[in-house]
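Same chain, two partners: chain A is paired with chain B first, then with chain C.
Then we have the complex of A and B:
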């Protein structure tokens, strides 16, 4: 019996641990005590407490006494940062991410193929990531509608989808959409032509409806039923949504000249570009990007993997930072996603940023180009309690994420993870 | 003497050819089955029962002591110790269909080069539906090719009726309900065109190549159907519009307007939300073909769910990615338990073999479900009356009741017990006798 008792205790602990790891704790209030809190408006607050109520950040202060008995975690000087956001990724999608069969496919919604079981959702949580912009691929000039998700592992797709974020449409310029399978477009000019043609078609479609409605008004009521209406086209209606400001553009591009061309089209047809993706030659057009309030979503030091990705220098980010362009980092691959904090650390070296500005490139700046800056991306009272707790400096490659919290719920706890061998 | 030898050789030859384990006897007008144990429509068993069959229909059933003495039947079968089930119904069977032959036009080299660099096409004019694997005009009944050997094999597992489902394309065409009573197409068909089969499986090269593209295409198709209907009405005023007639849209309209039903194969959990959106946005009530994860979030079970009975967790799920031990536990315990609970909760579900002709796995999985707490009666319902209701053939099939077709599978023991086998099948006016179950190999559904 003496030998069985400890065995049973260990088994009970193991079972509980596994259960907790698979089933995240229910929504609850939370008090994080004695942490180093990285805020963007008040700087780094050492020895502060952070109170979470109803999934929102309720108070940041020294020695908070909770109004009632709530879950309290003593951080003992560990770092608390806003939940990390990946501004460009393809995580959690089941099946093909490129509707490459045709050149213009804005009518398809990536949220339709969201796979909440994708194991990378959980592994990304282990790097402090709380939200990601899951995008259509770059195989066609106008792709599909992207989806913003919070990494609520174990929840349904509907609970993951962030409806407050901007609706965004993926466009792509350069090598990826051109020359695919020997079909049109073969050149960057062709890509531009396809995008413009799509907008011309959309404007024409709107005009047809306008004329039909006018004709209907002018026709006596008895004859109205004889009129032939224009045919409904969801593809063109999706493009019209970008003109009407209901959807923003996130465009894959590398070279400066084609980027400027899309800015020209955006002015001509009135659609908003939220950010250019990858954009290796952004430093050449920093003024234009700033003038049009367009952000960039980039890798920090990855280039030369294809011809159009050759003219890049991470030092160019210093220029972009000085010009005030919104810089967001992305992983593009789900594996790299859990190490985004290390990528942000490189911004100190290349872009000459301080800790907080470097941290913004994986938090607030990402939220800005996703239309979520009012709700998350920084530690401010009233914002969603999307937080990551690190055991050391949050930008150091020696640090580990210990705790990932989304809207007050703990989705990753290293101490309770049965699969983490090194604690 | 020589004549005698020849006759005996001919007899032996005929015996070898015509008695390969199954004999089909054209039964006489009336048949009486006595002393059998009968599965009743209320889900209970009744021992010492009789079933009287007349003209291919069940005339009456009851206990042996209710049988009137002096009744005359052409045939009598004493089935003491045998179990009588309603013939099973497979609500999604992908077989008995002639293959489509692909006609590849001969092309010369020059033409091939030209094809490699086609002219710029208008992005907003889509190719015809069939080129995108939306085979709206197809129907299983048009391709039907009943096969004697396959019929015998399937019947050997107690199945009497099948809903034949076209297997290719995103829209495969309409399904057809057949009875295995005959190998003649015309005699076998019960319902020529039932559901329009939709598979949420994208194409490889033509639009749509993404699952999301399928949803977008179906939503656009509904709008096209409605527009087409409107234009047809306006042709009287606008004769030029007659040229725009598209028969595919005419065929699809009743399915989008709810007069007929789609049958959507979901394949995995990630496509369930999309299916929900389609049901909502298109305003349709499709029959859904589920998958092992269906218990997590059943979409509209009231519309009817067909569950291919499989316990293999999805490739990228936590059960499949965290070691062999968990995977084994998932296959042997977790999935059977979850699906058993699911069947308890939703009693209108129909079940089907996991892959075409994989009946062995099917019955093995049924035993696992029963072991995990699913009731035997619910399982039998899921194989008989539930699919009969779903396919609209419950007036004459799905249970052993007076007035229904005589479709009875006779097992030597309860079908979920070890080594249980079908000994006889009564189908309408025919009796099929089995010596031993046929061996068969599984295929992909």
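Then we have the complex of A and C:
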């Protein structure tokens, strides 16, 4: 008995220390000194400090004295940009990216198979990426509900899921959803019909429930238990969510005509398309995309890998930019995700964009099509402290990311990282 | 009615007029043909803000004189001869034409369409196949690569252990013969890599491992037999005809280099041993684990052709920057290397592959050399790779640093002639801008 008390005390101390080592106190306060800060509202601020408190950008000013002892990093003139956002990816998933057993599966949730230990998450962090829109694949005309995650390596899926983002449903047109099952759909006509049919069924389902509810009201209370309601259908309710403005559509397309066809359906049934994905022929329909306020989430110049990607020109980005279409760059893979800053740099040569507009294509524009523009995507007081520090010009091929910060916490630090040899 | 006498006079006048007209036509024709002759030899002068010679110091506000397709002179204060056509680029930088050392340009089109792939034949040992026989000069991918500065490339066959022979060409011309520099510029080989071990060793993994081991043995045996075939042919006497061994003779008869793809450290060592044992010239390609065998590569004297710099590390422990930190290590050891951008559709992004490695320790000068002088030397292109008197006038006029993401190539010259043909990318832009249906 005498020895047990000190033993328990020692054990308690050891366990607490171990716990603290594995779960350090949340470091959501940070001071970055003497950086070149890329803001969209005040331009490029040279020799400025950036103060982060409770995970939010608190102050951008020259020579900030921190209110209390917080982690301070002297950037010595290095560039700070908003954390890079990839608005179209499939990383962090534990299994298949496609539920291709059926053609319409909007009821499934990509967040159900989030794998927070996926190495590709770490690969992306090393390129300054702080948030991704992890999507269902393009095997189905109507796929599943996508999930937006902040790349908080080491945290649980619940901590990574970004609940403030718009709910979004994946749709796909063209060669990927058709001709792969040996059955319907074999043509683009079939793909269009399958999508329209889902909306017709959803509208019919709603009508049946409306009729049932009315009948219930007209039935005396004592007899209501005798009424049999229509069967609950999670699939069609997900479709109805897109009509009720609770979920936006993000649609994979390549050719201009299939894109225009979905826009037609969106007007007919009242669903909102936030952006088209890949859409290699966007340069042919810049006017229509602008008129319907639909953005694009694209590769900068990967093309010709299949027939529908063979009519394309990166110089067409100039037409889209001139018309004011929201352009977001994506990678679809973690290798490209970690060099999105290089892809954005190319916007300057293809579209004649200046540095800040080019930077928006991997930050603010992406946040806009994901419904996160109020919370992240730019360096502004009050927004999440999602930041990336680069050792050179942030859009140059010859630069690399040194530090990746999400809501004030450092998730990638090249100087200390054991998985990068060149510091 | 004209009187007979008047008619005679009229006839004489007509004959004289005819003679005069013929004389005028002949003289005009002579003038035209003389100026066409002159045009081919007509000197061209290119003036630019900066000339990156690669072989020496860069020249500010320099001039390049071109005649007969070759560089005649380059310097800061060169007198521009009378009659020379002057191209002035006030804000541009001139580079030697970039060289893509390993690609499928001209042999492949849309990746997913099998009918458009003429680089991947069936079979393991195919030294008798040549990429030049299936080279498609009208591929829309060729002007696109050219538009971003690649003016020369090596197109290689793929698949198997000895896919075949590669073709070296300039990216301008109408028929294949217009473009070829060398129809059979190298033999391509590939050392098979063992599959990644699974979490638990299973039967399938063991089978694949066995197959790879056997293929390596077979590759060694094949080269051995081909070498013996060549030796018997030299001696004369009984040597039954074998088309594959016949195709291998170039390795020894004409010192045709063999580009050997090897990724792991073990395979790189094996490739060096193969080339040294059977005494043929080798170029090592891919060399993913080159970092571990830098000394061996240096001692072998063999140069390196790098794979795409847009690649991931294959093992977690290799580190995230495994692929793009290698060029700096090769440069530090003095091992010549060339960049490549393999698949035809992605080939145009070659300069940025090189640019990326500058972030990981390679100097900008070495990066540019890896796109110009080094591939020229590695592929035996003595007239290419730098802006010096006597070299072929393959020139890229860029509005900035060729390694940078914002740079646009304004003009290219191939063999001294300014290329005016527009790429598919440019034509599509103009069509969409003006909303033209058709061309």
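The rule is short, and it goes like this: the second predicted complex is superposed on the first by the 398 of 423 C-alpha atoms of A that agree within 3 Å, B and C clash if a C-alpha of one lies under 4 Å from a C-alpha of the other, contacts with A are read in each partner's own complex, and residues count from 1 in each chain.
Everything that follows uses one rule, which is that a residue touches a chain if its C-beta (ideal position, glycine included) is under 8 Å from a C-beta of that chain, and two chains touch if they have at least 3 such contacts.
Note that the structure is a prediction, hence the values are computed from the model and not measured.
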Partner chain in contact with A:302 - chain B first, chain C second, else both or neither: second
First, second, both or neither for A:329, with chain B first and chain C second: neither
Contacts of A:201 with chain B and chain C, given as first, second, both or neither: first
Chain B versus chain C as contact partner of A:397, first or second or both or neither: second
Touching partner for A:248 - first (chain B), second (chain C), both, neither: neither
Contacts of A:51 with chain B and chain C, given as first, second, both or neither: neither
First, second, both or neither for A:119, with chain B first and chain C second: both
Set intersection of chain A contacts, chain C complex versus chain B complex: 119, 419
Residues on chain B engaged by chain A in the complex (per definition of touch): 116-121, 123-124, 126, 202-203, 205-213, 215-216, 219-220, 223-224, 226-227, 230-231, 234, 237-238, 241, 268-271, 273-274, 277, 297, 314, 316-318, 321-322
Interface residues, chain A side, partner chain C - complex: 119, 122-123, 126, 283-284, 301-307, 309-316, 318-319, 334-336, 338-339, 342, 345-346, 348-349, 391-392, 395-400, 419-422
Chain A to chain B touching residues, read off their complex: 22, 94-105, 107-119, 144, 156-158, 182-184, 194, 197-198, 201, 226, 228-229, 231-236, 419
For the chain C and chain A complex, residues of the former touching the latter: 109-113, 141, 310-312, 316, 319-322, 325, 328, 344-346, 348-349, 352, 355-356, 358-361, 364, 403-408, 424-426, 428-429, 432-433
